Amino acid sequence: MKNRLAISLFTLCSLLFTASAAHAMHISEGILPFNWALLWSLLAVPFVAWGLYKLKKESSVDLSFKPLVGLMAAVVFIISCMPIPVPTAGTCSHPCGTGISGILVGPAISILITAVALLLQALFLAHGGLTTWGADIISMGVMGSFAGYCVFRGLRALKAGLWIAGFMAGLSADWATYMTTSVELASGIKGDSPFLPLFWKVLLAFIPTQLPLGILEGAMTAGMVVLLYKKRPDLLVKMRVLKHEEVTG
Amino acid sequence: MESVTRLSVRIDSFTYPDGTMAMSGVDFSVKKGEFAGLLGSNGSGKTTLLRLMDGLLKDFRGSILLDGSDIRKLSSREIYRKVGLVFQNPDDQLFAPTVFEDVAFGPLNMGFAEKDVRELVLPALRDVDMEGSANKAIHNLSFGQKKRICIAGLLAMGHEILLLDEPTAGLDPMGEYKMMDLLTKLNRDKGVTIVMATHSVDLVPLFLDRLYILSKGSIVRGGVPEEVFTAPLEMAQVKLRLPHIAEMIYRLKHEDKVSFKKVPLTIGEARREILRVLGENNA
Amino acid sequence: MEVFSEHPKNDHLLSRVDARVKLSVSLLVLAMVLSYKGLAFPLFTLCISLVLCMGIKVRPKVFFLRFSEPVLIAFVVIMIKFLFSGQDAMFSINPWGMTITGHKDGLMDGLQISSRILGAVSVLALLGFSTPFTELMSALSWLRIPRGLIEILMFAYRYIFVLSEDALVIYNAQKNRLGYSSIRRGLSSFGVLAGSLAIKAFDSSQNTATAMIQRGYDGSLPLLKQRPLRLAEVLFSLFFVVIMGIIWNL
Amino acid sequence: MESVTRLSVRIDSFTYPDGTMAMSGVDFSVKKGEFAGLLGSNGSGKTTLLRLMDGLLKDFRGSILLDGSDIRKLSSREIYRKVGLVFQNPDDQLFAPTVFEDVAFGPLNMGFAEKDVRELVLPALRDVDMEGSANKAIHNLSFGQKKRICIAGLLAMGHEILLLDEPTAGLDPMGEYKMMDLLTKLNRDKGVTIVMATHSVDLVPLFLDRLYILSKGSIVRGGVPEEVFTAPLEMAQVKLRLPHIAEMIYRLKHEDKVSFKKVPLTIGEARREILRVLGENNA
C-alpha cells in the first residue's frame, strides 16, 4: 500500500519534473546561495564590459548600431518566450536564441544582448532573477554565444553548408548552455553533499528534454540563417556573417 | 441554393487578456456567394471580428458556426481548408523568399505533390494578374503587388470563404479599384464567399452586397448599402461619413430642398438623378 | 505577452515610493534571503511580499502566472535533493527494477532552497509589479549601471511590444496556411518566423535611427533627471531594512 | 514677406544603390507658410522625394536649397533645427517607452533644461489633442494616436518646416479630417510650412494650397488644386483619379452637356454650382 502510493507519487513527480526542466534554462531567483550568486556575477562583469566596449566603439561610427542591438535584444526576448512543442516531454518549451545572435552580431554584442533580454525577463516575468543574473549571463550569454559563433565560423571555414553550420551552431549553443546550467545548478544546491555525483544526476535528469530541445534550437537557427540568406543576403553581408563574394558568386 | 448560410456569427462578448472588451453584441450571418463588408472606425473591432471568425480567438461568449458546426470544436485543419484570412499588412503574411515559394506554401502543407503544386500556383497567380512575377523576390515588389500575392497564396489553397482585413488600405486610387474588381471577379465567377473589413466609405457601395457597421465592438446597423447609408449624423456618431457623392446629394435634398427622390451612393446613380431633376425643372 | 503586466501604472501605496529606494531595499532583502540558513526568514519575506502584492491590488491571474514557474522549479529542486542527495534514508522502493531512495536530510535541504526561491521571487515580483519601467531604468543608472546597457534596455523594452505583435500576426498567417500541421513543418515555420523578426528588427532599427537623428540624437539618449530623495522615504526604508535585519538575525 | 522661398528643389536624377532610378526631373519650390501636397501612385517616389528634401539621401544629381544654402553642405543639426520629417509608419518613429519621454526627446537633445522641456512638451501634446495621455505607454495607443504623437514630437522642437509622409493613411474617415484640420491649424495659426505626401485624392483639395503630381519619379503637373484636377483621363495616366465630386460634375458637364461653368472639387462648391444650374433652368 505504502509502496503503491510512493510509486504513483514518483510518477507524478517525474511528470512535473520534465515539465519544468524545460524551463530550467534560466536559473531561478533564489536558487543560488549568496556566495555562489556573487561569484557568478563577478565572473559575468568582464564579459558584459567587453560587450559594452564593443558597443561604444561600433556606435560611435554608426548611430543606428544601438537601436539595432536593442531590437535584436527584443527579438531574443521574444524568441525565448515563444513556446514550441517538445515531442518527448509533451509540453512546451522555449529555445534560447543565443546561437543565432552569436552568429549574427558576434559574441561580444551577443553577450550584451542576452544580458539585456535576461534582465527584462527577470524584472517583468520572474523568469531568471536579479541575483542569478550573473549565472544566467554566463550560461546563456557567454557559453551560448561563443559556442554558436565559434561552431558557425569554424564549420564555415571548413566549407560546410549554411544549413549544417547553422544547425550545429544552434545545437551546440543550446547544449553548452545546458551543461553550464547544470554545473551552476548542482553547485548551487549541493549544500554539504559532494558536487560531482549531484552534477551527473542533474545532467542526466535534464537529458530527456534537453536533447530534443537542442535539436529544435539547431533546426530553428538553421532555418533563420537560410531564410536570411535567401531573402535578404544583403543583411548577412552587412553584419559580416558572409563575404560579399559568397552572396553574389 | 444561393441562400445556404456558411457562417453564422453570434458573439455576446469577447475580452482580450489585458481586459479590453473588444466585442459585445454581434449577430449576423454570411450566405454562400455573398460579398459582405464590415465598416468601422479605428479600434471598432473589425480585425478582432475577422480573427474570431477565422477561429484564431476562441475565448469568447457566444457561438460561431461554420457550415453549421461550432468553430471551436473544429480542428484548425478543418477550418483552414474552408476559410482563409488575409491580414492587414502584407509583410506579415509573406514569408518566403520568392513569389512562387510563398504561394506554394499552403498547397505544400496540404500535402500535394510537387507537380500538382505548380498546377495550383500558376492559375492562382494568373487570377491576380501576377503570372509574370513567379520568380521575383518578394521584397522587390510594390505594396499593391504584395497584397495581390497574399490573395494568390490563399486562392491556391482553394478556399471557399475569404476573410480580408482592409485589402485596399495603402493602395493608390487606381490600385483600390483594381483590387475591388479582382475581388468582385472572384466572387462572381468562382463563387467565393467574401467578407472584408474596411473604412473606405467611398469604395464600398460600388461593390458590396451587404454591409455591417461596427462601432465599439457591436454591429449597430446592417443591410444593403442603400439601407445603411442614410443620414450623415448617424454615420458621424460611429466616426464614419457618407460617401462624398451621397453627402452632397443629401445636403442638396435636405438643406436646399431640391426634389431628389433618393440619396444615390454612386456617381452613375447620382448623375441620373441630377439629370432627372434638371429635366423636371425644365418641363 | 499578457504576463507582461501593466500594473505599475496604477496609483497605489508603493507607487509613491522612489524607485531607487525600492530597488536598493529589494537588493538588500534578496541578499538576506540568500544568505539565511533555514526556512523562517524566506517564508516571512514571502508573506510580507504577498500582503504587499494584495495591497497594491495585483490581479490574481497575473500573480499566479508569475509564480507558476518558480513553484514548479522549487518542486523540482526538492525532488532532486530528496531523491539524489543525503545519507539519512527515509524509504526505498523498487519500481521497474530501479532502486529509488528518499532521504530525510536531502528533503530538508530541498525545502530550504525552495523557501529561498519563493521568498526571493516574491521580492522580485513585488518590485516588478510596483515600479514602472522608466523609473526602474533611472534607478539602475543611479546604481552606476553603465549608460550603454540602460539605453539598450530602453530600446529593447519598447520594441518587445512592437515585434511581439508582428510575431503573433506572422504566426497566425502561417497557421492559416497549415504551417504547423506537422512537427517538421512546424519547425521550419518557426525558423521562418524568427528569421522574419530579425529582418524586421534590422529594417526598423535603420528607420528608428533616422527618426532619432533628425531629432538631435548624437549617440546617447537623454535621461530625465530624478527628483532629490525625500528624507522620510530614506528613513522609512532604513527602518524597514533594520527590522528585516533583526528578524534575519534571530 | 509671404513669398520667401524656403526650399527650392531641383533633382535631375537619383538612383538607389540597387540601381532603381527613383527620381528624375523634379523641379519645384516651397514658399514660406505654404501647405503643399505631393500626390502620386504607389512607387511614384513620394517617400524618396521627402527623404531627399530632409537631407537623408545625399547621393543625387541636382540641388536642394534650404533657405538658399545647399542642403548637402549643411550639418544635420542645421537641417533638423528647421526641417522635421514624419515617417509613414509611426512605429519606426516612436522609440521611448512613454508618450512624454518620446515628445521630450527632441527638446532634451536641443539642450533645454528639464523645466523648459515640460513647457514645450505639454503645449505640443495639447495641439494634437493628446494632453491626457502624457504618461501612457506608447504601445497601448491606437494607430491614429501614435500618428498624433509623431507629430507632437516634431512640434515640440518648433520646426518651421514639416515634411509629412502620408499622415492620413490608415486613419478612419473622421480621423482623416481631424488630422487635416490639425495640420491646417498649424499652418494658419503658427505659420508652419508643410509639405505632405499622400494618395488621398478626395481629401487634398479641401485643405492644400498647392499640389504636385508625381509619376515615375518626376513631377508631371503642379499648381493650385483647381488647375491640377482637370481631366479624368490625364489623372488615370498617372494612376490617380479626380475627386469623386469632380468626377461626377465632369461627366455631367462633358457627357451630358449640363451647363456647368467649372468643375468644382469640394462638396460646398459643387452644391452651389448645381443650385446655380437648377436656378438657370428655372428662369
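Should a chain be cited, it is by its letter among A, B, C and D, assigned in written order, with residues numbered from 1 in that chain.
Everything that follows uses one rule, which is that contacts are C-beta pairs under 8 Å (C-beta built on N, C-alpha and C of every residue); 3 or more make two chains touch, one makes a residue touch a chain.
Given the structure is predicted, the values throughout are model-derived calculations rather than measurements.
*Asks:* Applying the document's contact definition, name the chain pair with more C-beta pairs in contact, A-B or A-C.
*Replies:* Counting C-beta pairs in contact, A-C comes out ahead.
*Asks:* How many angstrom lie between the CA centroids of chain B and chain D, rounded to a whole number?
*Replies:* 29
*Asks:* Centre to centre, by mean C-alpha position, how many angstrom separate chain A and chain B?
*Replies:* 43
*Asks:* Using Cα averages as centroids, what's the distance between chain A and chain C in whole Å?
*Replies:* Using C-alpha averages as centres, the distance is 17 Å.
*Asks:* Suppose each chain is reduced to the average of its Cα coordinates; what separation in Å results between chain A and chain D?
*Replies:* 47
*Asks:* Among the residues of chain D, pick out those that touch two or more other chains and give their numbers.
*Replies:* Each of 95 in chain D touches at least two other chains.
*Asks:* Please list all residues of chain A that touch 2 or more other chains.
*Replies:* 67, 227, 231-232
*Asks:* In chain C, which residues are in touch with two or more of the other chains?
*Replies:* 6, 133, 154-155, 157, 162, 192, 196, 204, 208, 210, 212-213, 217-218, in rising order.
*Asks:* For this entry, which pairs of chains touch?
*Replies:* A-B, A-C, B-C, B-D, C-D
*Asks:* Which residues of chain C touch chain A in their complex?
*Replies:* 3-5, 26-27, 30-31, 33-35, 42, 66-67, 69-70, 72-77, 79-81, 84-86, 91, 93, 95, 100, 106, 109-110, 113, 116-121, 124-125, 127-128, 133, 136, 146, 148-149, 151-157, 159-160, 162-164, 167, 183, 186-188, 190-192, 194-199, 201-202, 204-206, 208-210, 212-213, 217-219
*Asks:* Taking the touch rule as given, give the residues of chain D at its contact with chain C in the complex, in rising order.
*Replies:* Residue positions touching the partner: 54, 56, 76-77, 79-80, 83-85, 87, 89, 91-98, 101, 104-106, 108-110, 114, 135, 137-140, 153-154, 157.
*Asks:* Which residues of chain A touch chain B once you look at their complex with the stated criterion?
*Replies:* Interface residues on the chain A side: 227, 230-232.
*Asks:* Show which residues of chain C lie in contact with chain D when the two form their complex.
*Replies:* 6, 9, 133-134, 154-155, 157-158, 161-162, 204, 207-208, 210-218, 221-222, 224-225
*Asks:* List the residues on chain B that touch chain D in their complex, please.
*Replies:* Going by the criterion above, the answer is residues 40-43, 142-144, 169-175, 199, 201-202, 236, 239-241, 243-245, 247-248, 251-252, 256, 258, 267, 270-271, 274-275, 277-278, 281-282.
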